[in-house]
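Before anything else, here is the set of structures, which you'll find just below.
Look for chain A in each of the two complexes below; its partner is chain B in the first and chain C in the second.
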Partner chain A sequence: MSKFQFPESIMSRPVYGTLEPRLGHAHLFVADAEGAEAILDLAKKDPGLMSSAHIIFIPRATGETYVEQLKALRPAQFYSGPSYEAALPRLRRVFSDASMGLQVYLSGTEGLMGQAQSEAMQAGIAPAAIQTEHRGSVARRMQCVHCKGITEDVMTDPFVCSHCGLNLFVRDHYSRRLAAYQGVCIDAEDPGNVPDPVELYS
Partner chain B sequence: MSASPTKAKAGAEKISVVVSAKVPVNDLVTRFEFKRQDGGPFPTFSGGAHTVVEMNDAGRTRLNPYSLMSDPEDTETYAISVRRDDEGRGGSLFMHNFVNVGDQMNITYPVNLFNLDLRARKHLFLAGGIGITPFVAMSKQLDRIGGNWELHYGVRSAALGSYAEELSTKNPNKVHVYEDDKGEAIALEALLNGQPLGTHVYVCGPKGMIDWVRQTAKQAGWPDDNVHFEEFAAPQPGEPFEVRLCKSDRTITVGEHESLLEALEREGVDAPYLCRGGACGQCETDVIRHDGAFVHRDHWLEDEVKASGKKIMPCVSRFVGASLEIDR
Partner chain C sequence: MTIQFNDETFRDDYTFRNSDWAVKRFPFPFHEDSYMYSVNMEQHRGGPEGSVYEKRFDVDEHYVSEMKDRAIVLADDPLRCQSLPHMTLAGWDLLELIMVSKSEDYPDLFELHRDGNTWRWINKPLGIDDTFTFLDETTLPFGPMEYITRQSQGDFAVLDQRDDMLWMDAGMVTTQADWSLDFDIGMNFFEWHAPVPKAHEMGIFKRALKFLLNIQQGAPARRLNWTMTVNPLLDTSPENYHKWGIQKTGLTAENIGQKQFLRVELQTFYRLPRSNALAFPIRCYLIAFEDIVSVPKWGRRLHRVIRDLPEELATYKGFIDNRPKMLDYLSQYDDGLPTSPGVWPDLDTEPALSK
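For the complex of A and B:
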């Protein structure tokens, strides 16, 4: 599938690139759903890299579509799990065992890449050692600035906070620490006056 | 010694000092300690900073940068260590042979082009020979704030390992010394690959060592941001050449054993500088026109800029050809 080009926005909004093979003795891939395609593409550029690769994959709605293809790359280690939360203990263990030279490759949805990036940076990995490539859904991980609750996979603007029920406007203002965009109440001044939700980037 | 009258206003501000100690460290290295003439406190500095020492060598002004190796918080004394270079341009020989306790000198305020990145989880120091000096100050700074550091220090022999014994006795678990004459060498690849996430590496030593570390770190997948190096180029002698100075409206000749910057200073032209080693960018000068080839020796200008012939770093770079005109 072709890659979605996000329009230019404020500085706060993360920008994503294309995964490129890098030098190093260990390579960690974290991907969800169509993010698998970015790994498959990279493996074509440098098949040798896979012998020192660890792939953590969360298929989400893609089910079994990519699992066998990724395994066929023969990475040193492969893990597939139902959710980011389920993969997190493993991710943390990889980071705690890792040493300098580890290259991190993140691909898939913004929510997945953002969370894994924040985890990597807390582990001391330099931002320069982390690459990202957006693939698949343009859904956003949103934080309600009022109740601080996180709503995953937001596809429309405005949307309803899954925690406090406020109608939230989707901003491009992004928190790297939380790996979430900020959602701000859209009808605070005139409660109930809520525009019809529009699908993001439609 | 007093400031030479032709000394330009350029460079970091000066401090008048008196040599308070001259301590032979080994056959090649001597430590010089300075106190302020006015009795006041020195500014504190950060580990990795250098000072430019002004020498009046029989009427010729020499300005050589040396890393400060005293405790950065010590405002009473500054210390540098000077390795005697018998083949060099003479600054180190002058220090060794003619500078003595009680002499008055000028040195500049500290300038740091090799500072610690305090976001690092660990600081890995790689020193070769006299390249040890900035790390002496850095380790003192880190000890004060509980920073995590480790030193790997290559020396020619035990006898020439400046401060090696002192450092290892004080920090037996942090300091590793490699003696060249015993065939010992840093196992660099393994060392780099074994470092915890968030480590920054710092290298100071001969050019070959710096290149080796940078190259090996790149191969090992270290981001450039985590690799720090101090590379002072010493100006090299070369064929004398003429330069037309368009602002000053005159033409001067750069002698075989002086740099373009030194020639400007000799002529009383105010030319900016900080490091005098092609590292800081301060002396960058526009070339108005030229007919000939540049000998670029700095680590400042990008390769494309060097190739364009539009800029020169007078502290280390030279020119060979028919004519050169610069914006000074």
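For the complex of A and C:
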């Protein structure tokens, strides 16, 4: 199973649901890795929806596992790309065309969903038209509060900022604008005293 | 009275000092011998003469030096001042509120001359004399919020109001109790308060939000909040925590009276007329422990509050490790006598320390 039940947390931490088919004249799916499974599950509930669907998929480590299955849903448009950054110009183009009635379905990792959601909101898509479903890795996208650099796919607490090299602890405080959790120096009051990294949620 | 402005620093050599005048008017935040969260709102309609509550925007002896410190912070990190694009009108509202209030409340220090939209602003302590066109950004050296808050003590959050919610959509934040505007900008009221322990479960934020959404023009409100800071460091930012955090470990029995500061925020809330945004000034006052205990009532009370504060709050406020040292020091100033109700020093009626 790729579904993970996140523990209860503070109010800035996003909560994710299960994608449900909705009425709309256009349906945009953005997914990475195991997020494909959420699309496949939704298509079983409402196969007709795919004729007006656009799927933007970033396979990451899943390679070809889901690509043919997604294509077999016969979406109106299908794109598979090497990274979120590579897909971003396309995503922005789609959002710039969006009109009322566009439904947005995000699935996969928190980093992917968060960034696509932030993009959608900047484009003026109503929050009520955006659904999310977490699948796959529980890694976090972290912003270093000190140097502002983003470290992707953080799996341990603490971790080393990939930009400034400080040892950061992983907070649950989350910015939707940045699509990132906050990382804060763990040894500021006792330099060098850095606990061994522990895998998140372990 | 004419204010004598101190030439002092809030970093490096830390020459910040409170005069006797500043000590006696300090906004001591504890009205009784214990503390727990509450929606402790009251109307902001003046207060006793000379108190920090008297004027709409209190100006004190630290004004000029605090503004120098702010300029240093902004030069180092411009992200401490941000305004989302839809908040410019609220920035003008805030500029008007502060200019009108200060020129009326301190006519010897500030002057505002308005001829239609042509405004002349004179700020004597900072040596500013600018003429600009109200609502025309091109006529000011900064955006309106940044321009006026570079001349006003305290941090400023400007909250947009929509969908029965407040949104942290603009701010000038350089004297904060360890929160990041750059991270929190764009968040709603519940999101930016998310890290605060206990208060959500107690329903504090739901009630506070309901109150704040209903603040009307001309009827501002205020409350106090507090924490602890080692050294008179205004800029206790998360951004620089890896630099200042180590200072928290420098307390000794000998220096704690001079180095440990009670940090109090006078928070006020104003409805803004054109934008319907809420201005949320957060004014920081610092006082050394040795100055607090010079007021017998405050010394007794602070000892009891810190001693009995739930561990979770002492942790959240960042002084759990230093609490034993604080209590060793403060207990010398608690003789067990009862204290009078309310926040005021009551120097003429409270007994001197008897131990």
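Heads up, the rule we're going with is that the second predicted complex is superposed on the first by the 201 of 202 C-alpha atoms of A that agree within 3 Å, B and C clash if a C-alpha of one lies under 4 Å from a C-alpha of the other, contacts with A are read in each partner's own complex, and residues count from 1 in each chain.
In this section, a residue touches a chain if its C-beta (ideal position, glycine included) is under 8 Å from a C-beta of that chain, and two chains touch if they have at least 3 such contacts.
Everything numeric in this text was worked out from a predicted model, so none of it was measured.
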For the three-chain model obtained by superposing on chain A, do chain B and chain C clash or fit? fit
Counting only touches as set out at the top, which of chain B and chain C does A:Ser137 meet: first, second, both, neither? neither
Considering only touches as defined above, state whether A:Ala123 meets chain B (first), chain C (second), both or neither. first
Based on the superposed arrangement, let me know which partner A:Gln115 touches: chain B (first), chain C (second), both, or neither? neither
Should A:Ser107 be classified as contacting the first partner (chain B), the second (chain C), both, or neither? neither
Between chain B (first) and chain C (second), which, if any, makes contact with A:Thr151: first, second, both or neither? neither
Thinking of the overlay built on chain A, is A:Arg176 touched by chain B (first), by chain C (second), by both, or by neither? second
Figure out whether A:Met11 sits in contact with chain B (first) or chain C (second), or with both, or with neither. second
So, A:Phe95: does it touch chain B (first), chain C (second), both, or neither? first
Most chain A residues touched (candidates chain B, chain C): C
Smallest distance from any CA atom of chain C to any CA atom of chain B, in Å, after fitting: 7
Taking the contacts chain A makes with chain B in one complex and with chain C in the other, which residues are shared? none
Complex contact set, residues of chain A against chain C: 10-13, 143, 145-146, 148, 166, 171-178, 182, 184-185, 188-191
Footprint of chain A on chain C - complex, ascending: 79, 180, 182-187, 190-195, 200, 238-246, 248-249, 321
Once bound in the complex, which stretches of chain A touch chain B? 22-25, 95, 98-103, 123-126, 128-129
Residue ranges of chain B touching chain A (in the complex, touch as defined): 121, 192-199, 218-226
